[in-house]
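Both complexes shown next keep subunit A, but they swap its partner, so subunit B is in the first and subunit C is in the second.
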Partner chain A sequence: MMRLPLRSRAMDDAFLLVGDSGRFFAADEAFIDRLLDDGLDVDDIAFLRRQSHMCEGTSGLGWLSHAHGLTQRWTRAGPLDYLILVPTLRCNLTCSYCQVSRAALDSQAHDWTDQTLAHVLALLDRLETPSVKIEFQGGEPLLRPDLIAAVIARCERFAERSFVICTNLSHLPDAAWPLLERDDVWISTSLDGDLATHQANRTANADATNAFVRNLDTLIDRFGAGKISALPTIDPARPPDIDALIDAYAGRGLTSIFLRQVNYHGFARKRHADSRTQGEAWRLYYEAFVRRLIERNWAARDRVLEESYLTLLLKRIFRGGHNRHVDLRNPNPMGMDYLVVDHDGQLYPTDEARMLSRSGVIDLAIGTIADGIDTARRDALNAHATNQYDPDCQRCAYQPYCGRDVVDDLARYGTIDLPRHETEFCRKHLHLFDFAFGLIYANDAPTQYSLRRWLGLAGDGIELGLRHP
Partner chain B sequence: MIPLMIDADADADAPFVARLASDPPDGSLLTARRVTGDSRSAIYSGDAGLFELALPMDGNIAGDVLLVHPQRRRAERLLRHGSAHNTLLVTERCDQLCVMCSQPPKKTHEDRFALLTEACLLADPGQVIGITGGEPTLFKAQLLGMIETVLTARPDLRFHVLSNGQHFAATDIDRLRSPLYQRVEWGIPLYAAAAALHDRIVAKEGAFARLEDSLAHLLMAGANIELRTVVLSHNVDVLPNLARHVAARLGFIGVWSIMQLENIGFARNRWQELYHDHRHQFDPIAAALDIATLHGIGSRLFNFPLCTVPPAYRQFATASISDWKRRFGEACDACSAKADCSGFFEWHPAANLMEVIPL
Partner chain C sequence: MSGLPFNRVMLDRRGLRTEQVDRCVAAVARSVPDLVSSVQDGWLVLVSCDSSADRLRSISKAASFAESEFTRCIPLRRAVMELLLT
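So, the complex of A and B:
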């Protein structure tokens, strides 16, 4: 009988033990002692066998199943089928935390040229997958509905296709409506909370705020809340009132909220310099927000509100194979299954990579739409795009669930060569995973109710967190 | 009930396969054309000469692939045109003797692989052909040969093979890794996480351990596996344990089917002893489904009429019962969910059919 590796992390009243394939349980300190002293008793061994933390040897089902579980924790990037397209960098808003350092509305040199469009269409023709997902970013992409329409028209050949237009909804030109009416088009927008906060952060004046709200509500009335995903960007120095923020979403039937701190990119690097690190204030706000969602879900059972990133973490905790969320996966191969085409035809591995280049921090372009991918530059980025061999990560109980983001390291520190625990990515995720496991093992009914809904369970009859004994 | 066997007279001496001209004729795959006939019988002409078929009262047989037995004066409708529930019985032998077996095994075996292969080659485009027994892998060489011949010639077809998983060996792995087998799904039963209980249900000592070996080989081959569990009064209480076992040890399966008992075969005489009425106690089934969902194991309920399942779990219940042996209660006609419902087996106790609640 062979025992497979377990890593531990202290929780409030127990220890969390996690296997390499992510299967976990909680145990008391006495169990840890028996584990360390080679003194496991009969019950311990039976439990570990049942949970596949022990197996018969290196050939039978137990071992193979464990190996399969490990592979489920690794991203195998498929062929390119996800594009982030930036038809223009121009924008009609001037948000203080703009991550992409938008260009002025009347600028002449920040839209795709005809040739860039032709190259993009040719790239679409070359994709080998039956499905395609395209996200239109900006700037404000709806300043160029003609370019969006041209791309969408070229995708008719795909059996499955989805398009997300990331827009500030400050102005919906007539040409946008035929696009918005399509069943395969979705809207992603920003809603920073109550309207005062939204105006302070983004729209600047009452007219612009009203126009935004009118457009948002018109879209929801016409197409339903399912058409739209919205996310708030939070300035931890001036966070909106939690209930007001939730009301702004729930009142419109928007049930998923991706609570996001100002991102240390673009204009935010100077105007929100404190966003380089996440302070205690942000963490407390985040936790209070989630706890309030739990209370509200318990009080009103007719709909379930969620914080989308926490839902993603929970799914990754309980399930292997959830490797298509490019913000959190491991390894995190860049320039493979998704790609950013910027306004000037430059190719970037991620949206954040183009932001860094735009800010003049480091040029992370990995080619151009005209000449294709510069594989040497891509390989350089991918050489360390994994947490697999990082000495800190190898000791961390959360490694199977976590990811790696070299672009984030470059953005904050100008290097990736840091002890993991000194990076914001690591500190942020340690906090989030600690928080998530605290919820998993919280034994109050409201918390368990929300977690079961976020994980898509039909009923309330099972315990989420396994305990030994 | 749709008849699967019809009376036939034929010139030929030996059994033969024929695909009847479809109506309207589709030009392809035609082996036998209708010469004359009326509403009760028809004469066909094909490669094996003339043959006459008694037409079923309620069934249109145009386009069917038949196996005609001149000596027995019968024809089997092997692949019914337009049906999604065509299943070929390749043997009636089995090396398990499950307490609830719906198709109790026989000692004799009639090797029909050559004829069945011929039939599969004539199948409607895009069909999933079911293979059942007995235990098909008792004749593994012939079975795999048939699968490979058919799937090589017909890239549009797929197989779903029911197997007890007692006969896969390490030496099969390379063969099963062939890309052809991406179009094969193996439906393999597991009744409990405890070896002793599983072995008792299948009446074969060591079956659980042998099954684990087979599953290891199938995993190495990258096989598509549908795990199947029939709910019995013997195992219903340990379904949550089984779900944890599946999550911990069998995470590589494609889907887990939890199946309600079929009142035929051995189960018929042991109904009171074996049947668990989930209308009165659904909790262990609900827990099993929740545990599977929690760990990303896709699961579904077979043979659970929708109105007998708590609303939150109806999403798992599929219209699983094959068309030819499915029936509904009278009140079901008023039900808005009938099209998505499994209905009942033809041979299900009639009293239950009276108890449906139209949705």
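So, the complex of A and C:
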């Protein structure tokens, strides 16, 4: 009988033990001592066998099951079917934390040229997948609805297609409405909380704020809240009141909130320099926000509010194969199934990579839309795009659920050659996974109620946090 | 110094190599930022001002287990990689 690898993490009242395939349980200190002393008793062995943490040698079904579980934790990038397109870098707002370093509204040199559009359409023609997802980013992409319309028209041949227009909703031109009325078009926008906070962060004056609110509410009235996803950007130095923030979303039927700190890119690198790290204040705010969602979900059970990133973490904890979120996956292959085409035709592996280039930190372009992908540059990035062989990650209980983001390391430190636990990516995710497991093992009905709904479970009879008896 | 909650935990090194002890200390330090460590007579001594002794002991034990388990599991992980790559 062979015991499969386990990794450990101290929780408040127990030890968390996680197998390489992500199966986990909690145990007491005496069990850890028996593991360390190779002194497992009959009940321990029966428990570990039942939970697939032991198997008979390396040739039987148990070993194959273990191997299969491991493969579910590894991203296998499929063919390119997800594009982020930046038809213009111009924008009609001047947010202090603009992470893309937007261009001025009257700029003449920050839109796709006719030639760039032709290359983008040719790329779409070459895609070999039956489905495609395209995000239009900016700048403000609705400054060029003609370019969006041209791309969407070229995608009619795909059996499945979806388009997300990431817009600040400050101005909806007439040409935008035929696009917005399509069933395969969704809107992603920013809503920083109550209107005073939103105005302070983004719209700057009452007229612009009112225009945004009018456009947002018109879209929701006309198409339903399901058409819209929104996220707040939070300045930890001036976070909005938690209930006011939740009300701004829940009051409009928006149930999913991706609580995001100012991102250390673009203008934020200078104007919000403290966003390079996540301090204790942010972590406490985040936890208080989630706990408030739990309270409100329990108090009003006709709808479920969620924090999107926590839901993603929970799904990665409980389910293998949840590997399409490019900010958290392992390995994190870049420039394979996902690609960014910038306003000038440069290709980038991620949206953050184009932000770094724009900031003049490092050129992470991996080719051009005219000439194709520079595979040598892409391979250089992908050589280290995994947590599989990192000495810290190899010992971390959360490795099966976590990911790797070399672009984030480059943005914050200018190098990827750091002990993992000294990076903000690691600190952030250690905190989030510690918090998530604290919720999973919380013995209170409101928390368990929300967790089950965030995970999409049908009933309340399942014990989420397994314990060694 | 009076009044500071000064916590000290001694952990049996259990045969860990020097680099593993270093890594064990680093792992504990992820959860205990003000950690001070030393090795004395085969014991790993961890001292912190802001973590309760029980909490520090739990974190230390988890890190110690992670180190010993890492060494034990190298051949197992290699075997499963060979299976997946063939």
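The working rule: the second predicted complex is superposed on the first by the 469 of 469 C-alpha atoms of A that agree within 3 Å, B and C clash if a C-alpha of one lies under 4 Å from a C-alpha of the other, contacts with A are read in each partner's own complex, and residues count from 1 in each chain.
In this text, contacts are C-beta pairs under 8 Å (C-beta built on N, C-alpha and C of every residue); 3 or more make two chains touch, one makes a residue touch a chain.
Since the structure is predicted, the reported quantities are computational estimates derived from the model, not experimental observations.
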item: Superposition on subunit A - do subunit B and subunit C clash or fit; value: fit
item: Contacts of A:210 with subunit B and subunit C, given as first, second, both or neither; value: neither
item: Partner chain(s) touched by A:23 [first = subunit B, second = subunit C, both, neither]; value: first
item: Which superposed partner A:391 touches (first subunit B, second subunit C, both, neither); value: second
item: Touched partner set for A:50, first subunit B, second subunit C, both or neither; value: first
item: Angle, in degrees and to the nearest 10, that opens at subunit A between the C-alpha centres of subunit B and subunit C; value: 100
item: Partner chain in contact with A:464 - subunit B first, subunit C second, else both or neither; value: first
item: First, second, both or neither for A:94, with subunit B first and subunit C second; value: neither
item: First (subunit B), second (subunit C), both or neither touched by A:9; value: second
item: Shortest CA-CA distance between subunit B and subunit C [superposed frame, angstrom]; value: 11
item: Interface residues of subunit A shared between complexes with subunit B and subunit C; value: 64
item: Contact footprint of subunit B on subunit A as seen in their complex; value: 23, 50-52, 59-62, 64-65, 68-69, 72, 315, 318-322, 452, 455-459, 461-462, 464
item: Sites on subunit C touched by subunit A in the complex; value: 14, 23, 26-27, 29-31, 55, 58-59, 61-70, 72-73, 76-77, 79-80, 83-84
item: Residues on subunit B engaged by subunit A in the complex (per definition of touch); value: 193, 212-213, 215-216, 219-220, 240, 244-245, 248-252, 283, 286-287, 289-291, 293-296, 310, 312-313, 315-316
item: Subunit C partner contacts - residues on subunit A that touch it in the complex; value: 2, 4-12, 15, 20, 29, 32, 35-36, 58, 63-64, 66-67, 70-71, 391-392, 394-397, 419, 421, 426-427, 430
